[in-house]
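Comments concern the structure below.
Letters A, B, C, D, E and F name the chains as they come in the text, with residue numbers starting at 1 for each one.
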Amino acid sequence: MDFSNFNPAEQAHMTKIIEKKQMQDFLKMYSNIVEKCFNTCCNDFTTKALTSKEEACVTHCTEKFIKHSERVGARFSEMNAEVMNAQNQS
Amino acid sequence: MSFLGGRGGNPAPSGGVNLEKVEMAVTELDTITDFFNRMVQSCHSKCISTRYAEDDLNKGESVCVDRCVAKFNDVQKKVGEKLQSRGAANAGGGSAFGSL
Amino acid sequence: MDFSNFNPAEQAHMTKIIEKKQMQDFLKMYSNIVEKCFNTCCNDFTTKALTSKEEACVTHCTEKFIKHSERVGARFSEMNAEVMNAQNQS
Amino acid sequence: MSFLGGRGGNPAPSGGVNLEKVEMAVTELDTITDFFNRMVQSCHSKCISTRYAEDDLNKGESVCVDRCVAKFNDVQKKVGEKLQSRGAANAGGGSAFGSL
Amino acid sequence: MDFSNFNPAEQAHMTKIIEKKQMQDFLKMYSNIVEKCFNTCCNDFTTKALTSKEEACVTHCTEKFIKHSERVGARFSEMNAEVMNAQNQS
Amino acid sequence: MSFLGGRGGNPAPSGGVNLEKVEMAVTELDTITDFFNRMVQSCHSKCISTRYAEDDLNKGESVCVDRCVAKFNDVQKKVGEKLQSRGAANAGGGSAFGSL
C-alpha cells in the first residue's frame, strides 16, 4: 500500500494499527493451522493422547502450511510490485 | 489494488491525523488481508496433498501454488469488473441492508 | 429495523454507521463471490492463465450469485414487512 | 426480529446521543447481517447448480430459493424458542466464558 | 484468565467488556446452530413449510449442539484448571 | 494459556485504567474464544452423529467428545511449539503484511 500522502503523524498512527493487526493476523494463522491440521490428521478417537502417527502428521501439516503461506505471500508480493510498477510508468 | 478509490485528500496541513483517511486505509488493509487469507485457504485445498508425509512442498505442489495465486487473482479482477459494471450502488440490493 | 424512538442526533449517528457497514458488507460479498466462484470453476492448474472455460464459468457464477443474493434479499424483506405489519395491528 | 429485547429507554432528552442505545442497535444490525449472509450461503449450496452454463436463475432454482428462505427463517425461530426455553443465562455454559 | 494484577478500575472495565462479549458469543452460537441444523436437517425444497420430520430433526440437533458445547466447555475448563494448578505449584 | 506473553506491568498506581493492558487482555480473550469455538465445531463434526433421532449425547458420542477436546488441545500445543521454534517474527512472512 502507498502511504506517501500520509503526514508523519498519520504514518505513526498507521504503524501502530498495522502492528496490532500483524499480531491478530499471526493468531488467526495459528488457529487456522490448528483447525486444518487437527481436522486432517486426527480421526482416531479410541485414544485420548495423540498417536505417534497423528503427531507426525500434525508436524508435517504445520510445516507445510507455513511454507505454503510463505510461497503464496511471495507470489502475491511480486504481483503487487508489478501493479505498482505499471502504475508508476503510466 | 486500490479498489476503494483514491485515498481522499492531501495530508492534514499541520501534522494532525485525518481520521477519515486513516479509517479508509484500515478498511483497505482489512480487505487485502481477508483476500490474502482466502487465497491461502483456497490454494491449500487445491494444491497441497493431505498425506503429510514430508515437511516440504514438492515440485508439483509448488508449481500448482504459483499458478493458483495467478488464477485466484484473475478471478478477483473478473469479479470486480463484473460488480463495477453492475454499479456498486445497485449491488447493495443483495445485502441485508436493502432489506431492513 | 425501527428507529422511531431515536432522536435526530442518534439517527444521524446510525446513518453514518450504516453507511460504513454497507461498504464492509459489499466488500464481504465481493470476497465471498471470488472464493466461491474460484473454488467451483478453477480446477485445472496446468496453466497459469484462466482458460476460456474457466472464465465463462466465473462470469456466470458471479452473475448468478448476485441474482441469488437479490432474490434472497427480496424474500427476506417481504418477511420482515409481514412481521412489522403483524406487530402494528396487534 | 427484535430478539435483543426492547430497545432500552426513550430518546435522550436534549438531542444528545445515548451511546448504549446506539451500541445495542449496532449489535442488532450485525446479527441480522450475519443471519442474512448465512442464509445466502446456505440457500446457495442447497439451490444453485454449480454447472454455471447461464447467467439467470432457472425456474427450479428460483422456487427453491423462495422456499429455502422460508425454511431457514423457520429454523431460526425454532432454534430461538429452544434457546429461550432453556434460559439465555444457562446457555452461557457452553461458551468459552463459562470456562475461564 | 488471571486478572489478579488488575486494579479495581481495570477489573470493572474488563467486566463490562466481558459482558458484551458474552452477548456476542451467545448470538454467534445461535447463528452457528441455525446454520448447522438447517444444513443437516433441511433437504426437501418441494414444500415451503418445515415438514414434521425436519422439525423433529432441528429440535434434536439444537438440543444436542447445546449439550455438546456444554460438554466441551466442561472439559476445557478442567484442562485450564489443571494448567493453573501446575503453574501455581511450580 | 497465556501464549501472548506476560501481561505487561503492574496495575496503574492510582486506580486509573492501563489501556494497553486491557487491550492485551481483550486480545487474549478473543483468541481463547476463537479457539474454543473452533474446538466445538471440529469435535461436533468428528463425534456427533447427524441422524438426530434423540436429544441426548449417547455414550459413544460423550467419550468421543472428551478425547476430542484432549487431542485438539494437544494439537494446539504442538502447533504453538512449532511456530515458536520458527520464531514468531519470521512466521510473519506468510501473512498479507509481509506482502504489501
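By definition in this document, a contact is a pair of C-beta atoms (placed from the backbone, for glycine too) under 8 Å apart; a residue touches a chain by one contact, two chains touch by 3 or more.
From a predicted model like this one, the values you see are computed outputs, not experimental measurements.
Peer 1: So which chain is the furthest away from chain F, centre to centre on CA atoms?
Peer 2: C
Peer 1: Please identify the chain with the largest separation between its CA centroid and the CA centroid of chain A.
Peer 2: Of all the other chains, the one whose centre lies farthest from chain A is D.
Peer 1: Suppose each chain is reduced to the average of its Cα coordinates; what separation in Å results between chain A and chain C?
Peer 2: Those two chain centres are 27 Å apart.
Peer 1: When the C-alpha atoms of chain D and chain E are each averaged to a single point, how far apart are the two points in Å?
Peer 2: So the centre of chain D lies 16 Å away from the centre of chain E.
Peer 1: CA centre of chain C versus CA centre of chain D: separation in Å?
Peer 2: 14
Peer 1: Starting from the mean Cα coordinates of chain C and chain F, work out the distance between those two points in Å.
Peer 2: Taking the average C-alpha coordinate of chain C and of chain F, the gap between them is 30 Å.
Peer 1: On chain D, where are the residues touching two or more other chains?
Peer 2: 29, 32-33, 35-37, 40, 47, 66, 70, 94-97, 99-100
Peer 1: Would you give the residues of chain E that are in contact with at least 2 other chains, written as numbers and ranges?
Peer 2: 1, 18, 21, 25, 28, 41, 59, 63, 68-69, 72-73, 76, 80
Peer 1: What does chain D use to touch chain C in their complex?
Peer 2: By the definition above, chain D touches chain C via 1-2, 7, 10-12, 15-18, 21-22, 25-26, 28-30, 32-33, 36-37, 39-41, 43-44, 47-48, 50, 52-57, 61-62, 65-66, 69-70, 73.
Peer 1: Which residues, counting only chain A, touch chain F once they are in their complex?
Peer 2: Answer in residue numbers: 1, 18, 21-31, 33-35, 37-39, 41-43, 45-50, 54-55, 58-59, 62-63, 66, 68-70, 72-74, 76-77, 80.
Peer 1: Would you mind writing out the residues of chain A in touch with chain B in their complex?
Peer 2: Touching chain B: residues 1-3, 5-10, 13-14, 17-18, 21, 25, 28, 32, 36, 40-41, 56-57, 59-61, 63-65, 67-69, 71-73, 75-76, 79-80, 83 of chain A.
Peer 1: Under the definition above, what is the set of chain D residues touching chain E in their complex?
Peer 2: For chain D paired with chain E, touching residues are 27, 31, 34-35, 38, 42, 45-47, 63-64, 66-68, 70-72, 74-76, 78-80, 82-83, 86, 88, 91-100.
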